[in-house]
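The following pair of complexes shares a single chain, subunit A, combined with subunit B in the former and subunit C in the latter.
What follows is the complex of A and B.
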C-alpha cells in the first residue's frame, strides 16, 4: 500500500464514485469527440455533407464513408481494448450528428436562411451500429475492419436513400432537366460555392452505366477497411498507458 | 477526491466548449461585399459590367425582379488570373435573401458553369424572387475557376413583407407540385430522429451498467471474457440484424414510393451566344495616363481617330463598374447606383463632335471620390500597374460605340 490514504471509505462509496467517473468520462468523451470529429468531417467531407446538390451517387458515396470511419475506428479501439465497451462508433456518430444538426439548424438555417431540406447532414448511424455490433460479436479488430469497414461503406448510400430520394425526382426547368436537389442549389444562392466547385458525377466509372452507386459503395467500403486499420492503430496508441507507471495509479 | 473531481470537471468543460463550438459555429459565406477589397486590377481588367439595370428598388416577398446587363470579357485578361474557361454567372447577395429563379447568358439558361471567350461581349439576365425582408445590396457577379469571384456593381434593394409567406412551388416531371421551401422536410426529420433514437438505445444499453473503472480493473486482472454476457451478444445481434433489415426496408419502400429518380445534373456549357456590339469605326490610342493621388483624378491623353461616317463625342469612361460621364453628352436615366456614378466626372479638353476622317488628341480627366471609395487608386500598388476600361462614344443620333483601353498608369504623388 502507498502512504496516501484511500479516498473512499466503503464499497458503496467506491461504486458511487466509480459511477460518477463513468458519467464524467462519457460526457467529456462525447463532446470532445463531437468537436474533433465534427471539425475533421467538415474539413474532409465539407460541402459533400452540407448540400443536397453534392449528394451524388459517385463521389459523395465514395468520400463520405472513407473520411467518416476515422474517429469511430479510433474510439472503438480505445473503448474495446481498455474496457470491452462496444459503443465507440455510435458515440462518435451520435456526437457528430448532434454537432452537425446544431450547426445546420442554427447557422445554415437560423443565421443564413438556407432551408433545412437543403443543408441537412448525412446519416451515418446504420454503419456505426453495425460496426459496433461486429466488434462485440467477433471481438476482433481484423474482423471489424474487414467486415465492418465494408459494411460501413455499403450501408451509407441505402441508409441515406430514403432521405435524399425525394430530392432526386426530376423536374423540367426553363427547358432543362434537373433534379430537385440541383434546383435547390440553383435557387438558394450560395455566393461562396459556385457551381463549378461542385464535385459530382465525376469519375471514370462510366462503364457501369446507371448502376454506379453500388460500385462506388463497394469501392468506398474497401478504402474504409484500410482507413479503419490506420485509425484503429491511432486509437490504440492513444489509449496506451505505458507512459504512466502502475505504481502511480 | 473532491478537488480532483472539480479539476477534471473544469478541464473537461473547457475542452468541451472549445472543441465542440469550433465546428458548430461554422456558417457558409453569405456576404458579397468584397467589391472594395478585391484587387483593383482584377476589377479593371477581367469582366467589365455595363448597361446594368435593376428592374425594381422595392419588392414584396414572392415578387420578382431582374438584374440585366452586359459584360465584356476583357481581351487583356491578366496573366495572374486563370482564364474564364469555367465560369459561373452568380449574383452577389447576402445568402438566399432572394432565390435565383433563372439566369441567362445570351438567352441560354445557365444553371451550370460556362466557358467564356476573351474579347467577347455577352448579354445576361438574372431573375430573382424575393424571399427575406430587408435592405440588400444586389450585385452582378461572375465566379471564375482559379480566379475567384468577380463582383459587378451593387444596388440597394428593399424586400418588404414576411418570409413566412414565401413559397417556392415547383412541378416535377412526375406531375406533382411541391413547395421546395419545405419539401421533404418532415421525411428528413423522421428518418434522422428514428436513427438517432436507435443509436441512443444502443448506447443506453451499454451505459446503464458500470463502465470504465470496474471494466478496466477486470481486464487488467485477466477477467476480460466475463465482461460480455450472452445477453449482450443477443442484443448486439438484434441491433446489427435489425439495422440491416431497416436499411433494406427503407431502400425498397423508398424505391417503391419514388420509382422515378435521376442522377444530379452537372457539366460545362460551351459556345455561349455572344452579343454583337456595333462595328468599331473609332480608334483610340492612349499616349500617356497618370493618376494624381491628391486630386483623386486620372488623366489620360488620347489620340482619337474617327473612321466612321458620323461625328462622335466621348460620353463615358467606365472602369471597374464606376461610370464617369460627361453630362453634356450622356445622362444616366437607368437609376444606376449613386456611389458608382460620377455624373460630371468626365472632362474632355475638346469634346466637340469629331468629324468623320478626323484625328484629334485630347486630355481626358476622370475624377471622383469613387477612386478612393472603391480603392481603384490602389492599382498603382499592383505588380503590373496598368489600367483598363471602356470608352463610350456617341453620335448625334445617339448611336453608341464601345472602345476598350488598356495602358500603363503612372502615379503622381505631388
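What follows is the complex of A and C.
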C-alpha cells in the first residue's frame, strides 16, 4: 500500500464517504446498544416496567432508574470523551423505548392480548435529556454523575406521572378499595399476578402516605449517582481499542 | 482526451465503494424472515404450542427445532468456511481504495449484526417474557424458546462471527492481533446461548414464571453487557477510516 495513494477521488467523495459511514455507525450503535440495554433492563427491572399494576409509588420508582442509568452512563463515556457527541444517554433511551414499544404492541398485545394501556413502558426521556444536557454544559463526568444521576432518579416519577396518574385513581370493587391499575391486573391474570410475589409497597413507608414517591425517588437518585460512576468506567473499558496477540489466547 | 475517456470507463466499471443493493437485500432478508417467523408463532403458538405432550406439538414445534438446528450448523459452516477459505493472504498490500471498499463491506456485516442482535436480544427475548406470563411451561422447548434461544441467538452469533472473520481476514487494521472489544462484542452475546443451560437447569427446579427479574436470569444480563464492546469496534473503525480519509478531508 502506498502512502501517497488516496482512497478517494475528490474531497466531495471523501465528505460523502464520511457521512455514509456516520449513518452506518449510528445505525449499528443504536441497534446493538438497544439489544444489550433492553435485555439488561427487562431482566433487572422488567416486571415493574411491563405492567401498570406493578408501577407503584415505591419499588417501581426505586428500581427502574437505578437499573436504567447503566447503559446511558457507559455510552456517554465513549461518545462524549472520544467524539464530544452529547447524545449518549438519549441514543440509549430512544433505542430502549423503540425496542419496548415494538414489543409491547406486536407481542404483548399482538400475541398474548394484553391491552397496550396495561403494558406500556416507562418513560425515561426526561432524565436522558437532563443527563446529556449536563454533560454538554458542564463537560464533567463528576458533575454529570452527581447532578445528572440525582436528577435521573428524581425526574423518573414526575416524567411518568401524566401517563400513570389516571391509573392511580382509587376505585371500589367488590367492597375493596384499589387503584384502577390494580383492577386492570385483576382482569388480566398473569403468572406474575399473585400478591405474594408482586413486590409493591410494603412496610412502614406506606404509613407516611404522601411521602412515599419522593422518598423513593431520592433514594433512587442517590444510588443512580453511584451506578453512574461505576458504569462510566465500564464504558471507558468497553471503548478500548486494544489488540491481543493470538499466542495469548 | 483518450486517456481521460479510458479513466472514466475504468471508474464506471469499478465496483461501488458501498454495495447498497447487498446492504438492503441483507436487511430485507432478516426482516422478511423474522416477519414470517412471527406469523408462524402467532398461528401455531396457540394452536399447537400449549401442550408439549400433544402430537401436534411434535409436528409444528419440535420439527421446527430440529430443522433450524441443522440449518444453522450448515449455514455457519458454509459461511465461516467461505470467509476463511477466500481470505486475502496479502492483506497488507491492498490499495487504500480497496481498503475503503472493504471497510464498507465490513460495515454491511456490522449493520446485519445490529439487526440480528435487535431481533435476538430485544424482540424475541421480551416476547418470551409475555409468553411465560401467559402460559405456564411444561417443557424447556416452549414455542418462544424454540425461536428465541435456538433460532434468533444462533443467527446473531453466525452474523457476528462472520463480521469478525471478515475484518480479520481482509482488513489491514485488524492484522496487529485480535481486537479485544470485537471479541467481547461477539463472544459475550454468544455466551448467552450456553447460559441457556444454566437457565433451563434452574427452571427444572423452580418455575419462577412470576418474576422475569429473577436472579436465575442474571447470566443473560451479564453477557448482554458485552454488547457494549461495539464501542471499541466503532473506535477501531473510526481510527482506521480517518487514516484513509484524513488527507482528503483536511
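Here are a few things to note about the model shown:
The criterion applied here is as follows: the second predicted complex is superposed on the first by the 225 of 249 C-alpha atoms of A that agree within 3 Å, B and C clash if a C-alpha of one lies under 4 Å from a C-alpha of the other, contacts with A are read in each partner's own complex, and residues count from 1 in each chain.
Here is the rule we go by: a residue touches a chain if its C-beta (ideal position, glycine included) is under 8 Å from a C-beta of that chain, and two chains touch if they have at least 3 such contacts.
Only a predicted model underlies this, so the values are computations on that prediction, with no experimental measurement involved.
With the two structures aligned on subunit A, subunit B clashes with subunit C.
Look at A:192: by the touch rule set out above, it reaches both subunit B and subunit C. When the two complexes are overlaid on their common chain A, residue A:123 makes contact with subunit B while staying clear of subunit C. By the touch criterion defined above, A:19 lies against subunit B but remains apart from subunit C after alignment on the C-alpha atoms of chain A.
Touch criterion met: A:136 reaches subunit B, while subunit C stays clear of it. For subunit A, the partner touching the most residues, choosing from subunit B and subunit C, is B. Of the two partner chains placed by the overlay, only subunit C lies in contact with A:239; subunit B stays clear of it. In the superposition on chain A, A:82 contacts both subunit B and subunit C. Of the two partner chains placed around the shared chain by superposition, subunit B is the only one that A:162 touches, whereas subunit C remains out of contact. In the superposition on chain A, A:175 makes contact with subunit B only, not with subunit C. By the document's definition of touching, of the two partners only subunit C reaches A:45; subunit B does not. Among 129-137, 165-173, 183-191 or 219-227, the region of subunit C with C-alpha atoms clashing against subunit B is 129-137.
In the superposition on chain A, the residues of subunit A contacted by subunit B and by subunit C overlap at 7-8, 15, 17-18, 20-21, 24-25, 27-28, 31-32, 34-36, 38-39, 42, 50, 82-83, 99, 102-103, 106-108, 111-112, 114, 190-192, 194, 197. In the complex of the two chains, the subunit A residues touching subunit C come out as 1-2, 5-11, 13-15, 17-18, 20-21, 24-25, 27-36, 38-40, 42-47, 50, 71, 74-75, 78, 82-83, 99-100, 102-103, 106-108, 110-112, 114, 119, 190-192, 194, 197, 234-235, 238-246, 249.
Residues 7-8, 15, 17-22, 24-28, 31-32, 34-36, 38-39, 42, 50, 53, 55-57, 82-87, 90-91, 93-94, 97, 99, 101-103, 106-108, 111-117, 120-121, 123, 125-126, 128-130, 132-134, 136-137, 139, 155, 158-159, 161-163, 165-184, 186-198, 200-202, 210 of subunit A are the ones touching subunit B in the complex. Contact residues of subunit C toward subunit A in the complex are 11, 17-18, 38, 41-42, 45, 92-97, 99-100, 103-104, 107, 110-111, 113-115, 117-118, 120-123, 125-127, 129-134, 136, 172, 176-181, 183-185, 189, 192, 209-213, 217-218, 220-221, 224-232, 234-239, 241, 244-245, 247-249. Across the complex, subunit A is touched by residues 1, 5, 8-9, 12, 15-16, 18-32, 86-88, 90-93, 95-102, 109, 111-113, 131-132, 141, 143, 145, 149, 163, 168, 170-174, 176, 178, 180-185, 187-188, 191-192, 195-196, 198-200, 202-203, 206-207, 210-216, 218-219, 224, 227-228, 232-233, 236-237, 239-240, 243-244, 246-248, 250-251, 253-255, 257-258, 260-266, 268 of subunit B.
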